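Read through the structures below before going on.
In what comes next, chain A is part of two complexes: it sits with chain B in the first one and with chain C in the second one.
Entry: the complex of A and B
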């Protein structure tokens, strides 16, 4: 009985739903479209409830850290406090639709705390790109030199001064991006498409079962 | 030279040759407002009688093919489309030839087709085109009836269906032959071969391993592929008694990952070594997640970092921090834009399809290896189609033989 509920039934549901999702791609009929939309909405609802699982996991991990006085446990106080405050403000603040929302405390926290933090993290990318580019573009071999030269042509060709140096540069940069670069990208994309389809097939047929826990 | 390399080179050079032709879509005339149309008056009857101004001619109204219904296509022609004073075409719709007709939209001059979204299927609709000038307007004759109907098969995807069927049969065929004992060669993939080496390094250093499943949901194929790799890594960490840290961005992925790791520890014979709090949720916010994982990397200094699954802008932030922390890094993603970042910052990178091949490569299960051969056949078919298509289109355009475009037309429209 345990085998039926833990393996056979999930495999059967996976197979039937995989068939439906493959079938719906070829069928534009509204009855199929409506069922497809309904199933996608179900996924979203499940996702919302799953967030409770996530919050439970987060709170549990940090409470254990505080309880055990683990290394850097003080950060856990910050996490729990921030989480609790945001939930309280979100749930019990007077949320109204329309412009009133803009002045709400929840959005104040969002706009003045979270967005600057996100922007800071994203800004770091500029410096990381510089350091990664330095490593990638060192001319240690013939191939690396070709990469370096290509990068130089693309960079100069994509800025206004490139056209001022020679009119050939922007056209060459455009060609590099849109012909050899795009060809390589499309070749990878074909491989990815086939690999993803094979994975989907393995899951549908129950050959790949790692998502059931091994 | 290996067959796969030849296929790769053929695909590369063939795609270089191909150039797409951009389709032209009808544009709504934004210069004309509804008020302009309401203010316009019918043109003088004398002008029309003297044939100074000619109305549009509706060529065809029909149900939009290959759709879910509630859409009707209208095609018309206008002998005076170049006239300077022409402001646009107003599409008028009614449920009876006698009217009343209501305005649907206003289109720019030189537009000769429109797809109207109607309220109901199986209902008769009639159309007329109101041609609007600065001086007034003139209506076309009323069209024949058109009925919107939903279809059960989208003919445009017939080529996809054929390819899908061939592909599925090929995969199933290779799976069966593999189960029957036929051995297939799988080329060595450096990134996957390095998994054991990376785990060994962590064991020697006595440091943890960090595994990230990416930012995808549990429905993404790349996330599913990452579970297979996570299972193998977890089994090894259980055997060598190393800590596995698996922070999560998505609660459902976390739940699945907990099961995967727990089962791997049980299979390895160390169920008690599994600690649920090592597979934990952080946040569902991209950069907050990145900040938290970067913090873990810098505080815990893992010996090895695995990045498997879907990654976006955070890929370089994570991989550079990992490199700074001195970890061996193995990445695998199907996100094309992130592959160069991983190649630059990681020691090994699984590029695109290699991520999907990893579970077969690591387990060596015949059933999984069979699908790899199916993928190879799929690539071969794609390469052959690309070459034939390129030759077809090139000859068709050089010698102006439109019927030679048949392959492109078949792949595009199913006709």
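Entry: the complex of A and C
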């Protein structure tokens, strides 16, 4: 009985749904479309439960870190406090009928904490890239030299100053993006596509079972 | 050790704080002092512009504005340039934000931009807001907008909004414009454009744009606006230079400095006899 509920039934559901989702792509009949829409809505609802699981998992991980006094455990206090505060502020008073109300605490947290933090983190990247480029972009080998030259041409060719230096630079940067880059990307994408199709087929036929866990 | 070699040794292992300081100076100066640099329009941005330009007045378009505050410096000028173009052509905009942390910011942008052009909510534009799981939302929207979004962001029933009256799904829109700095673009391409075959243009952050050139040439993307550079080109096309055009001057100086760093570092590397040290 355990075998049926833990393995056979999930495999059967996976197989039947895979068959249906492949089938619906080619059959635009109304009944098929309605079933498809219904199943998509079910997926969204199931997905919402995953969020609860995510919150539980996050809280659990950080409580364990605090309990064990793991390295940098003090940041776990921050995570849990921020999570709790934002949920409380959002649930009680700041979010009504969907949107966050302007001028309320939720907006305040968003505008004065989240936006500056995210903007700062992203802005710092420029400084680290400059430092990393200075130290790492060295012509150690032929391949490294090709990479270095490509980076230099694209960096200069993709900004207006490149055209000011020489009209060849933007044209060459454009060629690099549209010919060698495109060829490599296409090859990678075709490979990924074939790999994804093979994996999907393995999951549908029950050959790949790692998503069952254990 | 000769003195020159010592200098090169020093330069090769220059304190990173000096690099940070130099970059900060190079970024700040063009922001304070006005410099002008001509922007050249690339074919992929022109194609995106033409797709909007050819739409008849009053056509509804869909704008997926999927970016967050972290990438707003690059993506907001891009989104604003496209919105300006759409509004100047009197197109109607249905928009959404499928990035959880960007919703309030996008809503504010839509509200401000629409107000600047004297557009009325519900008649000229609609903001659907956010729903989790972008792939599922996109697939649902392909069937009917009312499935994932029975109500808009302000909790109005979609059937009560005048602009949404004749709009069921992507078939009723002139164009889909996805402006994103996330992997959400893959979902729009695979689950949206791939299945429902709507005309689509995209604005992407510069770092991810190179991955999507194949879709431009396969015809799945009708146009591609890449990063701040693309935004500045778009601003040039609509004749309204703004933040992206100014930003390109800053970016030009920063890129030149980084290339200068690379050059110095490599000269030092060769002069010092390619001595390797731990970074």
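Operating definition for what follows: the second predicted complex is superposed on the first by the 177 of 214 C-alpha atoms of A that agree within 3 Å, B and C clash if a C-alpha of one lies under 4 Å from a C-alpha of the other, contacts with A are read in each partner's own complex, and residues count from 1 in each chain.
Simple rule for what comes next: a contact is a pair of C-beta atoms (placed from the backbone, for glycine too) under 8 Å apart; a residue touches a chain by one contact, two chains touch by 3 or more.
Predicted, not measured: the structure shown is a model, and the values here were computed from it.
Once chain A of one complex is fitted onto chain A of the other, the partner contacts of A:113 are absent, as it touches neither chain B nor chain C. Of the two partner chains placed by the overlay, chain B and chain C both lie in contact with A:122. When the two complexes are overlaid on their common chain A, residue A:55 makes contact with chain B while staying clear of chain C. By the touch criterion defined above, A:210 reaches chain B but does not reach chain C. Residue contacts after overlaying the shared chain place A:33 against chain B and chain C alike. By the touch criterion defined above, A:158 lies against chain C but remains apart from chain B after alignment on the C-alpha atoms of chain A.
When the two complexes are overlaid on their common chain A, residue A:19 makes contact with neither chain B nor chain C.
With both structures placed on the common chain, the touch criterion links A:82 to neither chain B nor chain C.
Using the contact criterion defined above for the overlaid structures, shared-chain residue A:185 touches chain B and also reaches chain C.
When the two complexes are laid over each other on chain A, chain A has residues 25, 33, 43, 47, 51, 114, 118, 121-122, 129, 131, 133, 135-136, 182, 185-186, 189 in contact with both chain B and chain C.
Of all residues in chain C, those touching chain A in their complex are 14, 16, 19-20, 23-24, 27, 37-40, 42, 68-73, 101, 104-105, 107, 129, 131-133, 136-137, 139-140, 143-144, 147-148, 151, 153-155, 195, 206, 210-211, 213-214, 217, 229, 232, 248-249, 251-259, 261-262, 264-266, 269-270, 274, 279. Considering their complex, residues 25, 33, 36-37, 40-41, 43-44, 47-48, 51, 97-100, 107, 110-111, 114-115, 118-119, 121-123, 126-127, 129-131, 133-140, 148, 151-152, 155-156, 158-164, 170, 174, 177-178, 181-182, 185-186, 189 of chain A touch chain C. Only residues 8, 11-13, 15-16, 66-70, 121, 150-154, 157, 160-161, 164, 167-168, 171, 175, 217-219, 221-222, 224-225, 227-228, 230-231, 248, 250-252, 254-256, 259-260, 262-264, 267, 277, 280-288, 290-291, 299, 313, 316-317, 320, 334, 336, 339-341, 343-345, 351-353, 355-357, 359, 367-368, 371-372, 374-375, 378-379, 382 of chain B touch chain A when the two sit together in their complex.
Residue ranges of chain A in contact with chain B, taken from their complex: 22, 25-31, 33, 43, 46-47, 50-55, 57-58, 60-61, 64, 71-72, 114, 117-118, 121-122, 124-125, 128-129, 131-133, 135-136, 179-180, 182-192, 194-203, 207-208, 210-214.
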